[in-house]
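For clarity, chains are labelled A, B, C and D in written order, and residue numbers in each chain start from 1.
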Amino acid sequence: MRDVSTSSRSVPTMGEPRALGRFGEYGGRYAPESLVEACREVAEAFREAWADPGFRGTLAELLALHAGRPTPLTPARRLSGELGVRLYLKREDLTHTGSHKINNVLGQALLAVRMGRRRLIAETGAGQHGVATATAAALLGLEATVFMGQRDIERQELNVFRMRMLGAEVVPVTTGSRTLKDATSEAMRHWVGVTGDTHYCVGSVVGPDPYPWMVREFQRVIGDEARAQCAAALPTGVPDQVVACVGGGSNAAGTFAGFADTQARLVGVEAEGGAGAARGRLGVLHGCRSLFLQDDDGQITQAHSIAPGLDYPGVGPEHAHLRDLGRARYVTVTDDEAVGAAIRLARTEGIVPALESAHALAWVIRAADAGELPAGSTVLMTLSGRGDKDISTLKELL
Amino acid sequence: MTNLTLTPGPVERHLRARRDTGRGLLMPYVTGGITPGWTDYLRAFAAAGADAIEVGLPFSDPTLDGVTIQQASDTALARGASTRRILADLSGLPDLGVPLVVSTYYNLVLHDGGEAFCAALRRAGVTGLIVPDLPMHEADELTDVAAAAGIELVLLASPATPEPRLAEISRRSRGFVYAVSLMGTTGERAALGASAAELTTRIRRGTDRPVLLGFGISTPDQAREAGRHADGVVVGAAVMRRVLDGAGPDDLRAFLATLRQALDQE
Amino acid sequence: MRDVSTSSRSVPTMGEPRALGRFGEYGGRYAPESLVEACREVAEAFREAWADPGFRGTLAELLALHAGRPTPLTPARRLSGELGVRLYLKREDLTHTGSHKINNVLGQALLAVRMGRRRLIAETGAGQHGVATATAAALLGLEATVFMGQRDIERQELNVFRMRMLGAEVVPVTTGSRTLKDATSEAMRHWVGVTGDTHYCVGSVVGPDPYPWMVREFQRVIGDEARAQCAAALPTGVPDQVVACVGGGSNAAGTFAGFADTQARLVGVEAEGGAGAARGRLGVLHGCRSLFLQDDDGQITQAHSIAPGLDYPGVGPEHAHLRDLGRARYVTVTDDEAVGAAIRLARTEGIVPALESAHALAWVIRAADAGELPAGSTVLMTLSGRGDKDISTLKELL
Amino acid sequence: MTNLTLTPGPVERHLRARRDTGRGLLMPYVTGGITPGWTDYLRAFAAAGADAIEVGLPFSDPTLDGVTIQQASDTALARGASTRRILADLSGLPDLGVPLVVSTYYNLVLHDGGEAFCAALRRAGVTGLIVPDLPMHEADELTDVAAAAGIELVLLASPATPEPRLAEISRRSRGFVYAVSLMGTTGERAALGASAAELTTRIRRGTDRPVLLGFGISTPDQAREAGRHADGVVVGAAVMRRVLDGAGPDDLRAFLATLRQALDQE
């Protein structure tokens, strides 16, 4: 079953990008000229901060004291029994605000303070990144404005109110598909006018350089922790499979980063209707060269997923590169499979996952059922967030 | 590497020549495919005294455009506009006597591949290209590919562009330098920002290539003022708002005439 | 300010109860005869289990791997600055399912398995204990039935669906005030008929012996962790004030247990409309002798609180005892103060607390403003849960 | 400590005497204050051949009662029923020739304090007391206090009560032993559970005190069957459902007569 040619290849993957923020042929800084300097400043500030033990220490402290890191590695005992594999869950759902998004946001908010910014802006889909941004802003005394598609505002009411309660302004975006893609465009438009005092806190490993790199580095804590926890908990030390859902790809990138130099097979799971990595073609959107869903005329098509955080027609450039390298593979699952997986995890392990995370699990279930995962193989899956935000969606369905 | 020693192409030659007569340059914009007979707007522009005409290829995600051009793009796409059809429409036009400059987002260029895309432009009679999300440091390859196809790739400069980079942009831009008048998206504004004059002055220090000010220039007064600093103006949202409101080619011709007049008075 | 006579008194408080489950004159096992044997079995099983390192180890593992313990001790830096005290938050909101209730439930569910039970029943007010029970049941392969007042079902919709998603049956209780008190009565009635295979998982330090003692012991992890964390983080080692909200009183009891033998002053904060400890009189309800709100005829009156978890007319017997001893004091805050405190914490620290927990904070704010807490004094407050469940309540208000 | 050497009180003497004639004992229940003229039910009970009458003091949180008695309690409380008023109503009654036994939850006893409460009962002509949430191990004090006031505190035994404890309950109970027929709350049931016979047998092994079966006994057939094992029955929910449905004293008298007859047939 194991594809030795792929997994034993030793590529120096998931290090710093090449010049101009390139991961293979992807990435770059395809920003309007008005944002180029702002991006450069972020890149420079990040590079300095990341090399500064003081910054790293402050961030580590915030992650520990405020966000609740490290998150546990939970053996999913009953489900493992049913599936015939050994499934471990990296519990990002237990972080403050309920998803991995907080890891990145605390990093960027701290960077914003270091850069003398007084305000954060962000796009959000599921609302998790928006809530995380509002949270970090409150914590560090910054202002926050969050752009959110009108459609997502409707299906993620809870998060909208949480953001407002935290003091953030939520700006409804009524253009295009009224989801994450359009919220991102609107945030970029807004940023152009306010670069002087405002940091754009991008929520995934997308956008112009340095975002894909920086966000992956801020999310690397998932993979680094999981690597150490696996080493302690697994007989084999390293899991056979490392699985995460992929919207823009930040929880996957952070997870994969911890295992890039191992024999573990990396699997990114996309929504059937938002499969940038699995079915996108080369393009440029939101500042980076990557894979995007497009029609025959080169127009970006609208993604469709029950999971708002996966409702994005593209994927981060590094994932496109990992796909080309064969280092990671990207698969898709349907809305129905994801909902089924969410219910199954609730019933067997007492965990209601975010619908985004349920995609990763749906693939594990399918692959185990299909015998694609040999009996007894070890699977590390990042549970990127908790399902509270999706309760009203599920309620309508069930 | 971009060949920096190239002699100016037809767009630049045309604009330089007109500028050198002391004329304030006017480049109106229209979103391709916005109405069934949209090319009539081009004729009207030419008749009203445009010095170049910008044709937008609508893109699904116009991240640098304000509401007016977003709406124009959506409308055109909903009508079935595409690179292919718009260029086909342009191919059918007689020579309007002014250069045609296409503007679009980089995704549409990449979609066909730079070479094929530029060749298609050239076949349609287009000689200039503006790609607002392809900044200078990413543009080398397309600049060369375009040049080889006879297309001048215009670069944008912004008030935020710092010094050595600004000179580089001025140097590497083809056709003219597109000076973004303000830190913002396209769209009509109440007044021309102070940044417009400042940026133009800074660009001029490094080049004698024509400099057109764009973004937010909406009224004859603003055009007149812009003309005091730059070699001319690009007028997009002010045109497109009228088109979206139902104005026909004659109405636009009248509107552009007021801008022409304002520039000429200077 | 410090009441030396009280705080320096060395009483062997918060150890095992006296015979018949007595805390001073409170406690006892006032169960109908049909439940006496079942209570005795629980007591015996708990006593054995609690003395068994194997049981303790399994529980500790569940708490760590599944529930995300230890929870951080978060310095509330910005709010502390505003208040002029040093406020530390014990972050039970970061546990799996979002409140301290999971600590107790995992303990009782494990005990139920040990006792050969195949089913859990529980009462719930806010729904947090119900969700925790449903969660533990799913995790350990037990069935779960949760009794919940119709009024609470309406104001805690999210939690109702979470329980169902986790596979639990939720039984609406339409008698009396249709809140926690009535749900508790109904759970007791139901238990009488099913003691053979069903464990009644009481959600707070109330009910017949051994519940008040057992639940406090399962919640002691809050106080034990906080004690160690304070020792490491506070210059003084022990905080001056230890504050927690009190519904039945389990998060407070668990917190206080870690500090009972210190100089720290213990403060339990009740809802103005549910102030069993502060304003109740001696009575017997739901199996124990304690303090309850009653009218002149000895009828139990209905509590009223915006926080469903505090909407209970009584208090656990050990709190009544601590009050009599003067070891802890019990204060009340209004709905409005609690809502104000919730918003203030959101805006200053990026934490949206449960409305229950917001009561504890409201008192801290009031006491700091009133100069009752000397400038620079250290305050440990247990943040018993997160506010997601209260968002719809808050939304209607704000 | 409870004085175990006490001679039987009036309730027990009365019940023993009747039982010893071979008569099946009948103790109907009514919630005090349920209707304005609620004491008329007591007269009807006596007239129908009750051997003792149980009067419930309604409590806000009747945790051991099923829906019928919950509803009866709520209704009575809503009418303003209270310990004081109910006892006042009882005081006004002539001697009905059968003992009055009050039942209520322990909170109402504690509210007045055991001594005052029992004294008030006694003044109202009550001689027995049932407190279902005061189990044997918590009852010593009240047993003594009640005895001192001339009130017999009846203890309950349940199918779940294990052996040595059951004997203890039988021994310490005053008046009679209240045998809870099933593991459940009060309320009508379709049939008498097997646990009823078993429990009665077990109680009998340790005492010759009268044993009344209660909880769920709703029909003449059930009463007849219960009478085969125990000395008699308590009938609560079956009475109160009729009262809640609007039945008056005469209706209840007729209903109780059917139970009386069934018990007598045995």
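What we mean here is this: a residue touches a chain if its C-beta (ideal position, glycine included) is under 8 Å from a C-beta of that chain, and two chains touch if they have at least 3 such contacts.
Here the structure is a predicted model, which means the values were calculated and not measured.
Asker: Show which chains lie in contact with chain C and also with chain D.
Answerer: none
Asker: What is the distance in Å between the mean C-alpha positions of chain A and chain B?
Answerer: 37
Asker: Please compute the C-alpha centroid of chain B, do the same for chain D, then give the distance between them in whole Å.
Answerer: Chain B and chain D have C-alpha centres separated by 97 Å.
Asker: Roughly how many whole angstrom separate the Cα centroids of chain B and chain C?
Answerer: So the centroids are 67 Å from each other.
Asker: Enumerate the residues of chain A that touch no fewer than two other chains.
Answerer: none
Asker: Chain adjacency by touch: line, ring, star, complete or other shape?
Answerer: Contact pattern: an open line, chains touching in sequence.
Asker: Which chains are in touch, pair by pair?
Answerer: The list of touching pairs comes to A-B, A-C, C-D.
Asker: Touching chain C in the complex: which residues of chain D?
Answerer: It is residues 59-66, 70, 74, 77, 82-84, 105-108, 110-112, 132-138, 155-162, 165, 169, 180, 183-185 of chain D that touch chain C.
Asker: Applying the document's contact rule, which stretches of chain A touch chain C when the two form their complex?
Answerer: Touch list, chain A to chain C: 64-66, 68, 71-75, 78, 91, 93-96, 98, 134-139, 141, 158, 161-162, 165-167, 342-343, 346-352, 387-388, 391, 394-395, 398.
Asker: Which residues, counting only chain A, touch chain B once they are in their complex?
Answerer: Within the complex, chain A touches chain B at residues 20, 28-38, 175-176, 181-182, 185, 188-189, 192-195, 282-287, 289, 292, 294, 297-301.
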